[in-house]
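Listed next: structures, encoded as structure tokens.
The two complexes that follow have subunit A in common; it is paired with subunit B in the first and with subunit C in the second.
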Partner chain A sequence: MSDTPLLKVENLKTQFFTEAGTVQAVDGVSFTVERGEIVGLVGESGAGKSVAVRSILRLIDSPGHIVGGEITFDGKTVVGFEDEPGTDGEPTRREEMLTNTEMRSQIRGSEIALIFQDPMESLNPVFTVGGQLRELIELNRGLSKQAARDRAIEILREVGIPQPAERFDDYPHQFSGGMRQRVLIAMALGCEPKLIVADEPTTALDVTVEGQILDLVYDLQDKYDASFLWVTHDMGIVAEICDRVNVMYLGEVVERASVDDLFYNPQHPYTEALLNSIPRPDQSTEDLQPLEGAMPEPINPPSGCRFHDRCPEAREVCQRTHPDLRTVTEAGQYAACLKHDAFEAAYETSRPLTDESPAAGGDRRE
Partner chain B sequence: MTDVSSHPEESEEDPLVRVSGLTKHFDNSSGLLGSYEFAPDGLSFPFTHNPETVRAVDGVSFEIEQGETLGLVGESGCGKSTLARVLLQLLSPTDGDIHFQGENLAELSNEALRQRREDIQMIFQDPQSSLDPRMKIGAIIEEPMEAHGLRDATGREQRAKELLESVGLEPQYYDRYPHEFSGGQRQRINLARALSVDPDFVVLDEPTSALDVSIQAQILNTLQDLQTEFGLTYLFISHDLSVIRHISDRVAVMYLGELVEVGDVDRLFEDPRHPYTQALLSSIPVPDPRSRGERSVLHGDVPSPINPPSGCRFRTRCPALIAPAEYDISGSEWADVRELIRAVDRRSFDADSVSHIQEQFLDGRLTDTRCQEVVTEAIEHTVADEWERATELLQTEFAEKSVCAETAPSLDSITGEPTTDRRVACHLHGSEGEPIQHE
Partner chain C sequence: MSDATADESTTHTPRSGWEEVTTQLRRNSTSRWGMYIVLFIIVVAIWAFVDGVVLDYYFAERFWYSPITAPPGSRGLLPPVGITNEYGTGTWAHPLGTDHRGRDILVRLVYGSRIAIQIGIVATGVGATLGTIIGAVSGYYGGWIDDVLQRTVETFYAIPFIVLMIAIMSAFGRGLWIAIVGVSVITTPIFARLIRSEVLSVREEEYIEAAKAAGVRDRNIIRRHVIPNSLAPVLVQATLQIGVNILIVAALSFLGFGAQPPTPSWGAMLAQSRTYMLPDPWFSVWPGLAILVTVVGFNLVGDGLRDAFDPRLND
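Let's turn to the complex of A and B:
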């Protein structure tokens, strides 16, 4: 058991069927989370990060549907479809795929916990903080009311809530933003899950509070040996806490690397561009080199490589051939870019696209 | 425009903007009787008048030179945005002066102020809500020109199209509506509108916070290009230290309504002097996996601006709080005591036995007998489950006897600094406290 990853996502496809067309929010994403690891999922807004993590918990609401791929968690099939679609053309669920009830009782909260960006929206304003935490522990761990309360206070103290016994009966609005996020972390930990999915948990917080939360995550990971899937757009946080990183662009993973390789030896032009566009707090940056343009809509993604219309290294072949994620370095770094030899795409002989692009015309500029 | 003679000649030497003692307090109570408290005790008149004021901005002074970018940085709730709004007279100040090109904005009449706004423009954080969805881009950009009676209709249209190009958009966007644009493009439209009246001074309140990093970089570059092209002066407000470092010439750090440090951007980032600036800078995660773990953490939350701490407002979180002068206490002992004060305040340990707690927090007995007595007494209170008494005792005997609690440090130049525009509000660097090394 222990040599298989804790979470394995393979070729996940999640689409939203809207009046304007089918939005391919997540299109063939694969990644794994090993036990005890912090894996980052990075990208700009609209890249499909949040849809991907919600798919893992099967929290996609209509008009969205998971239409393909396989997700296994700790030996259980969270998402799995038959190879052949059913008679109505819809994908058929495999038998071992968990039912909605099983998801609720076996996975969500107890095995995989989710921490959202906005702590105010995840806490119910009309119930006390302690009450919500106690209920969660009571339901998921089968403790008595009093035992659950004691455990709740203990966890609140652990996540750094001052005077936890006194604050137990306070309402969410009586807590500051950082304190609320701590409460959410307490809730996530309450059931001692194996995997914690954190969706931009510090984005709404101040830097000093963010620092406190990151430290807390470190301590708790040590103590509970939990794995994390950390969704963020902040490269600083990625550098600080992640072991491995997946970079997403327009519904696809375009690069996967250990955190050091990602920053010091990026293999995909998008990763490189992302790193070049951030101002640094620790040194003065003379010129930022921003990417041209903005990310296109996933409703009608560009042909070939989805990044080709913004890519400084794009060549003619990139318009035609869609690269999949392949190993491109000996260190086992993955990238989806035709410039690497692994693709044998005749990139070297292809005509560069950067100097002339009459088709795009003026609209190229953001 | 009564005092026309004062600005064109003097603007060479005078700063463009000089703010002195700017203060803005908000009344926190609502309704006619909101500030009255009803407390019947049977002995006195049961109503008391007790207005709560939020001291959002308290005695802030700074200058902005012609053509420079002053970065204003601080955590949320520290009063950055209020300061910007008071500066532009969108809120009237409780006290203080704002001299713009030699003229005191706080004393202008409404009409004179309206005319003055031609020279001062503002960019807001949310590019969505700052554009009227029912107006076309052209009309949006032309509106300020119309309000100030600049140019005729054709002239305005021409100017609007020129501006669209300057901010990196296409002139043919003139006839489109805001919803057709992305967040970054909308922020560019906001820029074009602000620049339409040829302002001298632009206040940017978190202009890139709602944008993705790659778009943020585009906007930051555009802002710098425009500054060179139009000779603009910026006040750039942000909570993002990386952005502040990139865009600013000088930086002002704000905490709980007051400025704590002002200085040249590189000097301030390389050698921060105020403990708050130091904490702020060292708490940011650096986008470099090889400098992991170099981060330090500032504990606690920002206190409420309704009842800010006495003396230095940062003292409740300050890692370099100065030990009370009356005690003979070493640096490491003082650090232990502060750790104990914090732990008691947060009730973050189990109070089992006096000796055990003493061992947990202190490295042997304290040299100063009076200190040790206080500590022992406080620990005894915690063991007796009287946390509040323990907290109170430690506060009155230690925290409040520090010079940091007794007097508020003023924003002064640092002795030994080559430049005079580097100012810090901290007793460690002032004349009143002895400069001590922190651990």
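Let's turn to the complex of A and C:
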């Protein structure tokens, strides 16, 4: 058991069937989270990070549907489809896939907890902070009211709420943003889940509070031995807390590496571009290079490599061939870019596209 | 201010949204008058219920007049204090005068308040509760559940309420409880539609998604998260609706439905006074005034509540 990953996502496909067409928000994403590990999921806005993590909890609302792939968590099949589609052409759920009721009672909250982006909006404004925390613990851990209350106060103290017993009966609006995020972390920890999915939990906070929260998460991860899946667009946070990183672009994972390999030896031009767009203490540059252009709409993704129209290293072959994620270094770093030998895509002999690319056009405008 | 030390030195008493609202209500002088009126009438109605229904007019008959039967030897249509007509001069024994059968009008007004308040509050309460549940379920789930519930509700909404009431009471009888059921039925759609529109926005809030992610059951999400956060307009509407329902009850009594004579009720008093309106107008004025003051009282409280719930008007 211990050598299988805690969470394994394989070839996950989540699509939104809108009137304008099918949006392939997540298109064949695979990654794993090992026990006791903090895994980052990085990408620009709209890369499909949030949809991917909501798919893990099966929280996708209509018109969105998980249409393919497999998610296993701790030996349970969260998502799994038969190889053959059913008679109506829809994907058929496999027998062992958890029902909606099982998802609710066995997975959500108790095994996988989700921390949201906006601490201002994630607490119910009409009930006290302590009451909400207590109720959650009571429901998920089956404690008595008093025991749950004691436990709630204890967790509030652990996440750094001063005077937790007095503040137990406060309402969310009486807490600052940082305090509310601490409360949300307390709520996530309250049920002692094996995996905590954090969907950009520090985006709405200022940097000093963000630093405190990251320290807190680091300490608590040790103490509770929980795994984290940390969704962010901030490479700084990735460097600070993640063990391994998956970089997402337009519904796909384009690079997977340990955090050191990713920062010192990025293998995908997109990762490189992301790293060049932020200031780094270990390198001095004259200018930061923002990533030009915007991510294309996932409703009609570009042919070939999805990054080719913004890629400084794109060549003709990139327009035609769609790279999958392959091992590209001996250290076991994965990337989906044709420039690597592993793809045997005649990249070296192909004509560069740089001059007509919109990225170059953007440069000239400056 | 650093996050960890914030509020460390301050001792504070948590103030709930409800306390906030009642403070706002008291601060506004018109809604304060509304509260006084409503409280006064409710106290009177409770007394009327205890003595009238539970004790069968024990106190009224021993220490005052019976609201049901005229005291022996009393004259009908006596005017209020200080006015003289062909039947006599008004005395302090019957400060508001007597009705056509010689019963004291004040005592009938006091004991008639029970019907107005009972139907007003009970029917509005039942209608608001049912409507809230229907509307919340309908708005939260959407889809075909929403369609079925909303079309049903709209069907009731489309029928003129007085026609619907008369149909219900012709079919099931004219009693008080039938009237309560009928008024509840016509009140429910108002609340179902009101809360549904509110739920449509509340269900998109992040704390609802957070609750789903934490594995909370749908029915607990509706009960604990959706309804409490959608309730403000319902409370306002309920207060206003009590006034409307009191008017409906009066109208029904006037038409001869609802509480049956000799049970005192304001609408029935109005109906009985019709014949004497020109020579003896006070007979009509008193029950009309009672209805007016009560309805205005509830409306003032409702308006005050609406202001108290509106964050833009609060400082």
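By our rule, the second predicted complex is superposed on the first by the 348 of 366 C-alpha atoms of A that agree within 3 Å, B and C clash if a C-alpha of one lies under 4 Å from a C-alpha of the other, contacts with A are read in each partner's own complex, and residues count from 1 in each chain.
We adopt the following convention: a residue touches a chain if its C-beta (ideal position, glycine included) is under 8 Å from a C-beta of that chain, and two chains touch if they have at least 3 such contacts.
In this text, all values refer to a predicted model and were calculated from it rather than measured experimentally.
When the two structures are aligned on the shared chain, A:Pro162 is found in touch with subunit B and with subunit C.
In the superposition on chain A, A:Ser284 makes contact with subunit B only, not with subunit C. In the superposition on chain A, contact is made by A:Met179 with both subunit B and subunit C.
Judged by the touch definition given at the top, the superposed model places A:Glu95 against neither subunit B nor subunit C. By the touch criterion defined above, A:Glu348 reaches neither subunit B nor subunit C. By the touch criterion defined above, A:Gln212 lies against subunit B and subunit C together after alignment on the C-alpha atoms of chain A. Once chain A of one complex is fitted onto chain A of the other, the partner contacts of A:Glu19 are absent, as it touches neither subunit B nor subunit C.
When the shared chain is aligned, no partner comes close enough to touch A:Glu330: not subunit B, not subunit C. Subunit A is touched at more residues by one of its partners, and among subunit B and subunit C that partner is B. Residue contacts after overlaying the shared chain place A:Asp83 against neither subunit B nor subunit C.
Shared interface residues of subunit A, touching subunit B in one complex and subunit C in the other, are 160, 162-163, 166, 176, 178-179, 208-209, 212. Of all residues in subunit A, only 44-45, 157, 160, 162-166, 176-179, 206-212, 214-215, 233-241, 259-260, 262-264, 273-275, 277-282, 284-285, 287-291, 294-295, 362-363, 365-366 touch subunit B in the complex they form.
Subunit A meets subunit C in the complex at residues 57, 59, 104-105, 107-110, 113-114, 116-118, 121-128, 135-136, 139-140, 160, 162-163, 166-167, 169-171, 174, 176, 178-179, 184, 187, 191, 208-209, 212. Interface residues of subunit B facing subunit A in the complex, by the touch rule stated above, are 75-76, 168-170, 172, 182, 184-185, 212-218, 220-221, 239, 241-243, 245-247, 265-266, 269, 279-281, 283-292, 295-299, 301, 345-348, 387.
Listed in rising order, the residues of subunit C touching subunit A in the complex are 2-8, 11-12, 14-17, 205-207, 209-217, 224-225, 228-229.
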